[in-house]
Amino acid sequence: MSAPVSVKDYENSAREKLPKSVWDYYSSGANNEQTLSDNCNAFSRYRLRPHVLNDVSKVNLGSSVLGTPIDFPVCIASTAMNKMAHPTGEIAVVKAAESMKIGYMQSTWATTSVEDITAAAPGAIRWLQLYIYKNREVTKQLVQRAERLGYQGIFLTVDTPILGKRYKDVKNNFSLPSHLSLENFKALDLKELHTVDGENGSGLAQMVAALIDPSLQWSDIAWLKTITSMPIVLKGIITGEMAKRAVKENVAGILVSNHGARQLDGVPATIDALREIVQAVDGKCEVYLDGGVRNGTDVIKAIAFGAKAVFIGRPVLWGLAHNGQEGVRHVLKMLREEFKTALQLMGCTSIEELQSGVNMVVPQSYFNSSL
Amino acid sequence: MSAPVSVKDYENSAREKLPKSVWDYYSSGANNEQTLSDNCNAFSRYRLRPHVLNDVSKVNLGSSVLGTPIDFPVCIASTAMNKMAHPTGEIAVVKAAESMKIGYMQSTWATTSVEDITAAAPGAIRWLQLYIYKNREVTKQLVQRAERLGYQGIFLTVDTPILGKRYKDVKNNFSLPSHLSLENFKALDLKELHTVDGENGSGLAQMVAALIDPSLQWSDIAWLKTITSMPIVLKGIITGEMAKRAVKENVAGILVSNHGARQLDGVPATIDALREIVQAVDGKCEVYLDGGVRNGTDVIKAIAFGAKAVFIGRPVLWGLAHNGQEGVRHVLKMLREEFKTALQLMGCTSIEELQSGVNMVVPQSYFNSSL
Amino acid sequence: MSAPVSVKDYENSAREKLPKSVWDYYSSGANNEQTLSDNCNAFSRYRLRPHVLNDVSKVNLGSSVLGTPIDFPVCIASTAMNKMAHPTGEIAVVKAAESMKIGYMQSTWATTSVEDITAAAPGAIRWLQLYIYKNREVTKQLVQRAERLGYQGIFLTVDTPILGKRYKDVKNNFSLPSHLSLENFKALDLKELHTVDGENGSGLAQMVAALIDPSLQWSDIAWLKTITSMPIVLKGIITGEMAKRAVKENVAGILVSNHGARQLDGVPATIDALREIVQAVDGKCEVYLDGGVRNGTDVIKAIAFGAKAVFIGRPVLWGLAHNGQEGVRHVLKMLREEFKTALQLMGCTSIEELQSGVNMVVPQSYFNSSL
Amino acid sequence: MSAPVSVKDYENSAREKLPKSVWDYYSSGANNEQTLSDNCNAFSRYRLRPHVLNDVSKVNLGSSVLGTPIDFPVCIASTAMNKMAHPTGEIAVVKAAESMKIGYMQSTWATTSVEDITAAAPGAIRWLQLYIYKNREVTKQLVQRAERLGYQGIFLTVDTPILGKRYKDVKNNFSLPSHLSLENFKALDLKELHTVDGENGSGLAQMVAALIDPSLQWSDIAWLKTITSMPIVLKGIITGEMAKRAVKENVAGILVSNHGARQLDGVPATIDALREIVQAVDGKCEVYLDGGVRNGTDVIKAIAFGAKAVFIGRPVLWGLAHNGQEGVRHVLKMLREEFKTALQLMGCTSIEELQSGVNMVVPQSYFNSSL
């Protein structure tokens, strides 16, 4: 294989390099994987309507998340258990993020602890993705460790009261390899993750059922605020109604996400859902998107619809699997470069200019209705 | 082949295990099989819009059909001649239904009699699917035998005055293997089913033409009521107009069905037709759906649109072909599990909650129109 | 290959039996063949909404064309040079039509003369498809020969002032085999048809350019009426505007046709265009359809939209290539049978009942708009 | 391979004949090549609604561009570096254009100088496609050389402040073969084009970044007018808003183009965008289209929507690669022939007649809305 020049190339490389059960775990989605392909395909249902003859010799790619500036509007979404992709795991990822000056969202289920991550990349913008455990004390301790280490926000995952049905994981009896562990919870007894009973098949699903709180509800946000002063972003909102409800709870942000199509198959593609959420929120909190972002024009579309930043999950894993930190860094550099190119070709010199344009991104149906 | 983890896996197994002519008979649809694929594909044209942060630690999956509670809203649709799939035939199926506490609809053309089925699974919820014979005395006797045996309802098939054109059956000169018989009619001379004349090709089509009454009409429902006090459901309604007409006859329910796409190719997918029927019926009788249901999110969609339950035909045959009662049971268990998972991920604790939500299931076009 | 049970089977058989250049000539369409596939695919964009519980024990399949009763509403469209498909050529076709009591439209470019056809099947309903020659005397003689022989109508082809671009014929340097001739014009010097110059490639295209009148215009219909008293049908109308114009000329009928997608690639599928034409004509003349009709439900759709009959082109050639008259007859019998089955399953006992129903055939979009 | 009879055939021939990196450079588009396929596919979303029975024995195919008559409305779009396709390069192309009496737009980056082109085909209609260099003196000299040589217009490319991302060129480290040079700029140091640094990959992208002015803006049109009196056409407008803005600058024409989908992936297909631009311009300047034109009906569609002419890029390269001038000429002849055929089959004798018709070209959705 020649050197990768696109996210797609990294994906192909990862497919070759990873053991099948790891590839399956990383790449697959829930049930029929309809939303999985829709997340990507939906981007191609929108059209760019560029300005021309605008001076684009100087462009500013910067944005910010929760008040912290980022160099360009692509951050890293939380993905569990990165050491399965490469021995350097989360450390490689956070260092790549640090070097590119964008944000890193760490998974609750990282194979590296919040302490080790902070030590490796103290200058990185770090956020903690949070699953709330039935055992609230465990939850509290994790949140407060992160806060003390300088994490700057909580991304509370709201789409996972239980784990989605992923046929391939069930088939593979997927479980975390025994030499790895969820480092944030060394104290907890996690044998569930390494053993699989015959009935259910997926070790991860069993762990979630055993440990994660399926009774999580809106009132728990208030509780979360009592244990931390970090800003709270809800990760996994996919409808305008829920966004409105979130605004009532005074959250700092909403990450429009369907968990990379791994939870409930059949939900809308995130780029399809984004607009109604931006409209519902009406500027009262920040909005981001993840799901299916694979090149610079995908970023343009989400930003044009009102997102402050997008997050990428799998592309980071593909880069990591290819060659560790360098791969992740190159994935980010390519996306930066492609976003810059696309922004210039849209005739815009900044995110603000893109967002203030009228009808710069439209659905394909725009062209029939204009008859 | 590894152990099946989805209905699709069972289908693949059945394709391998069954003789070609049986597989063809079970799997095929009328003419070009356009509606056959549409029945499944149509589900993927709808999108789920879940609630989040609702306490889903306890969920109630129960529903009811004709007043009888069922453990979860998936019942078994009538399919003819189950002993071709597995020697245990209908007995295996009804026992699986009994053990899962959902309803079993027996085909008029079962290879097991109503008496034997009742003896094997006396605790099962049993309904009789009815074809009305030209010989009304034959019809009357069957209905009354079923009623005496504790059957709780009649599903009168209204989409089969004659049999649909199924090219594969014609090609295969399909007929019931000579060692099997339609056990409900031992008295009748059914040589038609075992012999095929060169012209027409399908033995089943010839039997229908010989025995079934193509003059069946609305007024016959009144006649049916004179011979039984069981509630009557019309199976095979696919338009709002016909649903309105059915309500006038005071039927107890409507099963929105296109006979698994085996009768008239080109009719709408059942999930596409469901909404207009629910609207037309306006609560005046129960509404169910069958056709193309293959996983838990399909069930969610039908229930959200107002069905009290869905029925499955082919998935049962695939389970039966794989390994008899155990296969059928596992198919049902998977659907129960998937429905439960999907309900929780929709943020609902019961069917009532799902049905009272607004816009929780929408067509994909919803997202373009929201521009 | 097993015995054919569908038009598709006959098509597959013909593909195997015919020399490549003949298969290409018969099967191909203009340019990219977009309309060719659309003609068939468009049928599958419509949905049938059947009535149920109507007594369909007795059905009347009959219709009429230009006042002449036909046994069922499928007639034979003119296709040139049938002896390339089978030595019995047009004779086999007209005899099959005669035996099935439906109408036969003979091509101007038949490889059998009007006289021989009439002698072979004096009881057949015969119409003459007409190309108007630059030499009007030639035209006049042909029309008057046909009229004297008892032909009952003229189908004037209006979509062929010049021949469409068919890449395969150009590639094959297609021309009529030298042992065959266009029997209606023995007197004419037709060396053009047998020889091909290097530039243009298609012998047929050159013949059309040499002989057929590209200046044909609306006023010529009046001229045609001066030379014959047979009713005139315009073959090749595909828009409502042209249909309205045709009505002004007092034509007896309109055949909605795009010449089997062989003339102008990119025109609408005929079933898509039919409705606007029926609306435009508003009962002032008869309307028929040809193009892409391949099974009984296609016939249902065209009839439900207001056609009095449909015509088939290629299916006849496939039957002819398979085994002469018997093949054509079987194709017709299958379509009769399939149309009957579909009519009964629509809950209708006649064409009138089908046409007086409301929304019995609708586009797929009907189901989304009903939300 | 048999002799080519369509543009598609020439494309297949070129794919075989050209070195991979040249084929990739010529054929590829930006990023995912979504717009690349859309440019062609979009044409097939429109339907032709022909007139019939109009005398089409005499047709006038002529149009004009910037006041200069052309024999038929297909001209040659600028494509860089034609000598890679065939040693005769741009000379072969301009001679073919001259012989067919249509216009030739020369690329700034031709491998033949404006002087040599003029010498080879003094009778050809020549326009200069212009990239504006950071070094305005270079730009000025080129423009004025062209004007002195009798060039009749400037096509100022406005969609290329920087080069689009083309994965294949990056992968191939694409650069101009060392024996060729951009002949219009012999004076300039163009080592950039022949060497590629490891980071970026595409030599062309590096040259553009080094030499072309990304600060180009609306006010530069006024500057351009100070150095030439040739009419100015903006090449690369794809929205109505930009077209309106262009009209304000009193440009002579707009070429609706997305640079053959090589700049910003995700922009609309040109035929989709054309209508809104024609509407916006409202007759105040000429409008042309390029992108995806591959046969005569594509031309019909663009002309019917208001274009005065279409331009072709890749088809010329395919013809050139096949056999030099003869290939280009044959491509043009085929398109002329196909356009003529299509015009006649539309029932029109001239472009004016086509453009004055109502609804002669419509989107496919037209047929559903007419229900």
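Letters A, B, C and D mark the chains as written, and numbering starts fresh at 1 in each.
Criterion: a contact is a pair of C-beta atoms (placed from the backbone, for glycine too) under 8 Å apart; a residue touches a chain by one contact, two chains touch by 3 or more.
Values in this document were obtained by computation on a predicted structure and should not be read as measured data.
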Same residues or different residues: which describes how chain C and chain D meet, taking over half shared numbers as same?
different
Quick one: how far do you have to rotate chain A to sit on chain B, C-alpha fit, nearest 5 degrees?
90
Of the other chains, whose C-alpha centre is the longest way from the centre of chain C?
A
Centre to centre, by mean C-alpha position, how many angstrom separate chain C and chain D?
41
Centroid distance [mean C-alpha coordinates] between chain C and chain A, Å
58
Give me the residues of chain A that touch two or more other chains.
none
What's the complete list of touching chain pairs for this entry?
A-B, A-D, B-C, C-D
Chain B-touching residues of chain C, taken from the complex the two chains share:
2, 5-6, 44, 46-57, 295-297, 300-301, 337-338, 341-342, 344-346, 358-359, 364, 367-368, 370-371
Touching residues of chain B toward chain C in the complex: what are they?
31-32, 34, 158-159, 161-162, 164-165, 167, 170-171, 201, 213-218, 220-221, 234, 236-239, 241-242, 245, 263-268, 272-273, 275-276, 362-363, 365
